[in-house]
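What follows is a set of structures to go through.
Here come two complexes built around chain A, the first alongside chain B, the second alongside chain C.
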Partner chain A sequence: MLNIVVCIKQVPMVTELPWNEKTGTLRRDLAAGMMNPACKHAVEAALRIKADGGAKITVVTMGPPAAEEVLREALAMGADRGILVCDRLLAGSDTYATSFVLGRAIGREVPGCDLILCGAYTSDSETAQVGPQLAEELDLPAVAYAERLEISGRTLRVRRLVDKFRETLEMEFPALVTVSMEQYKPRYASFAGLNRAFAEADILSVNLKRLDITPAELAAHGSRTKVRRVFIRKTQKENVLITGAAANAAAEFLDKYQRKISAVIGKSIEAKKQT
Partner chain B sequence: MTGKRKSIWVFGDYRNYYQNRVTLQLLSKAVDLSRLLDAEVCAVVVGHDLEEWIMEYTAHGADRILAVDHPSLTSYSTEHYLILMEKLVRERDPDILLIGATDFGREFAPRLAKRLHTGLSADCVGLDLTPDGLLVQIAPSFGGNMLAEIVTEKHRPQMATVRPGTFREIPHNNERTAVVERLPLPAQLPPARVRQIQYERAVQREHTIENANVIVCGGRGLGNKNNFRKLDDLAKLLGGDVGATRPVVYAGWAGHDVLIGQAGKHIKPKILFSFGISGAIQHTAGLGEADFIVAVNKNPQATMMRMADVAVVADAADWLNHLVKELRRRIRE
Partner chain C sequence: MKHKLIRSQARAFAETELAPIAAEIDRQRIFPRDVIARMRGLNYFGLQVPKEYGGAALDSISAAIVVEELSRVCAAVGLCVTVHNGVAVYPLLQFAGKSQKEKYLPPLAAGEVIGAFSLTEANAGSDAGSVETTAVKRGAEYVLNGTKIFVTNGGVCDVALIFALTSSPENKLQSSVFIVESRFPGFLRGELEDLCGMRANPVSSLFLEDCRVPAENLLGKLGDGMKIGLATLDNGRIGVAAQALGIAQGAMEAAVKYAKERQQFKKPIASQQTIQNYIADMATEILAARLLLYRACELKDAGAPFGCEASMAKLYCSSVASRVTSLAVQIHGGYGYSKEYDVERYFRDAKVTEIYEGTSEIQRVVIARAILTTPIL
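Up next is the complex of A and B:
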């Protein structure tokens, strides 16, 4: 039976993301969390594999204690086991540090893992880097943006569309794949499943000590990048206001911007001069 | 000697037109940065039959070109490119390495950065320098509504993938010259663990809503499906595409394939018309860097109106009708 790990992430619901407009700082602590959409597709891909030929699915997340919720949601969808990698020292890790810690956690807690699935990107930082870097950390062959997975024996066949090329690739287990959102539309967790996952299922919580990562080791494998500041994108727009009767306003608008528009669309919309 | 001259590298991604363009755009930015840092601009290109690219990169600003040309490199292989790039970077120690944020670049760069034990920022929409010459990598966060300034303080090279279209390429100049170093393939290139079974250009049209120059987008403020349909007329007149917000897609006025926003398509048109859209963050997250935004809304305070270059205070459906009529008249004239 295949031993599958799905790495998932809790992200803030962007719609409810509260931030302070003046300082441009995020109030992550106030934001409601959800499972990152692409991660859900990865969980779904694992569940399809399980349905086809049997698999044990372990979902792993790194985050604050509250991130346990997304593990339980994945369990409710049909995953078998949840691991929360949680330690205060991991706050603010970049993808370099995250892939190091996830790699250690998977190596320790899910030995003999055949396949690691990740969402192709997250909706919060959208770096799409953790999957490929985790593959590098564990020295695994990997393919990003997978749309379809097919397994025969120990061979994994992946189909994907990248840079307008359609590719079919193959590799042997153990391997890592990041799953795009094109296919594998995630199922809904049933209410009963959610109840069970929240009431009964045990989540294994591991900290750095359990993973034998010393502060010195963490520092050596720690974040390479530093965020100097985060700010709201300022629009440097002229913001011309046009008011008045719609008919006149349309003509006025076109008179004012006809050259700009003509240049972009490649045909003239300039009004002929009245003679 | 005060030590060797700094070097800014651009990875030559060339597999299709779009990938080639972002490489040229990065060369242009590298030239800007090189003046401030007194660095040389170096393009690295890996593959087979590379003369076309060597000439192209020379004409677009490279001072030096490192070319690894071999028949075994005919198709893109992340694994082989990793081995070659790791070796080159370790030998020559560039200060900055820029890679286009194409699908390939965003799969390749993270692995390379990890292998080199350095930092990487993703899909940057701006690059700058600190007073001490550190590369400031401006990367979108939270669906593009926030920007983060990221630096790699201690590790080298400072790596970033950069969103296509962020910089303007320097015009082609045949007079330019560059030092071209043709490097041999290391003898011990192992067989790739990921095997390419099939590989073909996708048959879909090259034109997609993501690369459309003009997009006319409609929201609930258009009132009903019939009014929304008029966007088709405007799109046709302007040679553009129609986009929609989520409420409109839910209401069945438009298909999910034209949904613009966090859960849909990410667009970067030269001109965006926005009719009856308030500008909820789920929608604006998909707007990227629209050059010129025209918003029409009854409410001048709507977010979309404040984001616009031209904000038309009017009933969206009404103004759309008049605009279509006026455009028809002008085009027919």
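Up next is the complex of A and C:
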């Protein structure tokens, strides 16, 4: 039976949050948390693998105590076990520090793991770095932005969409894949599942001490990046008023904007000019 | 944390599956069978049914949250779920014998079978004692005759709990409850009602014409009708309160969004103090209503008497729903009176929460009776 780890993250439920201007970080205290959407797709991918050929699914998250919620949600969806990596010293970790700690936690707590799945990116910072960095930490082959996974024996075939073409790659277990939101539409958790995820959940909370990560080691592998500035991009909107008779105005509108409209709707709308 | 997750799952379902169709199924009076089918595996029809019968075994606050979230988007589907769980499944859990539970609870909890509760008749509404439907024992069967009206889920129910008059051994008339399957001979449905609100729910009459019901389908004991009816209504009122609260919440959110967007006098109407007063009142009343509802749920789960608090919650939540939806239409101005905006539907859906499962007037009777007969501590 496959041993699968899915790394998930709790993100703020709304995208436009005020931030702390001094530290440049989001005011996460103002929003309710939810499971990052791409992580949910990764959980769904794991659940489909489990349904096809059997697997034990361990979900792992690093975050404050409240992040336990996304573990319970994943358990309600059908994962088997949760691990919460939680330590005050981890507050403010960047992707480098996060992947170091996650790598240690998976190595220690889920030995013999065959496949690690991550969401391709998170809705709060969208760096898409933790998956690939974690593969480096654990020295695993990795494919990012996967839209479909197929397993035969110890071989994993991954299809992904890159720019305008699809490529299919193969690798042997153990491996890491980050899952995009193209496929694997996540299921809803049933209420019985949610009840079970609270009544009988298998959740392990680990801190740095349990992982044998000393403050010195954490400093050496600590955050390498610093947020210098956060700002809202100014949207470039302008109002254009087209005047004149309706037929002329419509023709002028199409003359000016048909290429933009075509680009948005994805097909050509060559204007048939009335003479 | 559990309640938050229950809410977020129900909300995601309602916003994804119900929001796109809510206006259309209201307009066309369509019962959304395909969405209902998707709700089955997620335990919407066995919210508080124990695990051994295939339910989710949720606590009462969780169950109320589910109904709230469905009703926040589509009250007619919230109504289907709360009637099924609150007044069809609940009395079976409370009063059915073991073999009745084993037969009926698993398909009901799975949503393969939809339940209804049938007390109301043309001459028996608030005066539940005036039921005229009769059940006469003939051999191993009861033969039921009568007409039930305004039956929520009536058009689609597979099992209905029917209140009927029976004779005691001393030949005294008393009411009893029967578990009646729609496939029993003599069970007929009327046309769907053309109602002001909750239009996507198939509310109909049920006709019992020499309807033959096996004697083992008597719920509880002969003559238990009033007892079962009152206990069921206590529970049903929690469900209607949750529904009303969900409608109010949905209407307030729509009004707040609109007030921030709508510009008059070159600024959003939300910057006008009058609109702010409306919003402050809506939000305050909704929170008070929610706390009152959850208090009734807490008492129920603790096994304490909860009838008085359930009536208070039903009375208050439904009046809040009426006020809030009316204000939400007012904030939308002329657009709020148009079917283009959801608040028009919320406004129509809210009214009936002051009427069914005991009118507001009857709730006051229940509350006053409890207050006047309970020693003040």
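In the analysis below, the second predicted complex is superposed on the first by the 217 of 275 C-alpha atoms of A that agree within 3 Å, B and C clash if a C-alpha of one lies under 4 Å from a C-alpha of the other, contacts with A are read in each partner's own complex, and residues count from 1 in each chain.
In the analysis below, contacts are C-beta pairs under 8 Å (C-beta built on N, C-alpha and C of every residue); 3 or more make two chains touch, one makes a residue touch a chain.
Source: prediction; values computed, not measured.
Of the two partner chains placed by superposition, only chain C is touched by A:188; chain B is not. In the superposition on chain A, the chain among chain B and chain C reaching more residues of chain A is B. In the superposition on chain A, A:32 makes contact with chain C only, while chain B stays out of contact range.
Applying the stated contact rule after C-alpha superposition, one finds that A:72 touches chain C and leaves chain B untouched. Judged by the touch definition given at the top, the superposed model places A:88 against neither chain B nor chain C.
Of the residues of chain A, not a single one touches chain B in one of the two structures and chain C in the other. Across the complex, chain B is touched by residues 12, 14-15, 17, 19, 24, 26, 37, 94-96, 99, 123-133, 135-137, 141-145, 157, 161-172, 223-233, 235, 237-243, 246-247, 249-251, 253-254, 257-258, 260-261, 264-272 of chain A. Chain B contributes residues 15-16, 18-19, 79, 102-104, 106-111, 113-115, 117-123, 136-137, 139-155, 193-204, 206, 213-214, 238-240, 262-263, 270-271, 280-282, 285, 292-294, 300, 306-315, 318-319, 321-323, 325-327, 330-331, 333 to its touches with chain A in the complex. The residues of chain C lying in touch with chain A in their complex are 1-2, 4-6, 8-9, 12-13, 41-44, 46-47, 51, 55-58, 62, 66. Considering their complex, residues 32, 34, 66, 68-69, 72-73, 76, 188-192, 194-195, 197-198 of chain A touch chain C.
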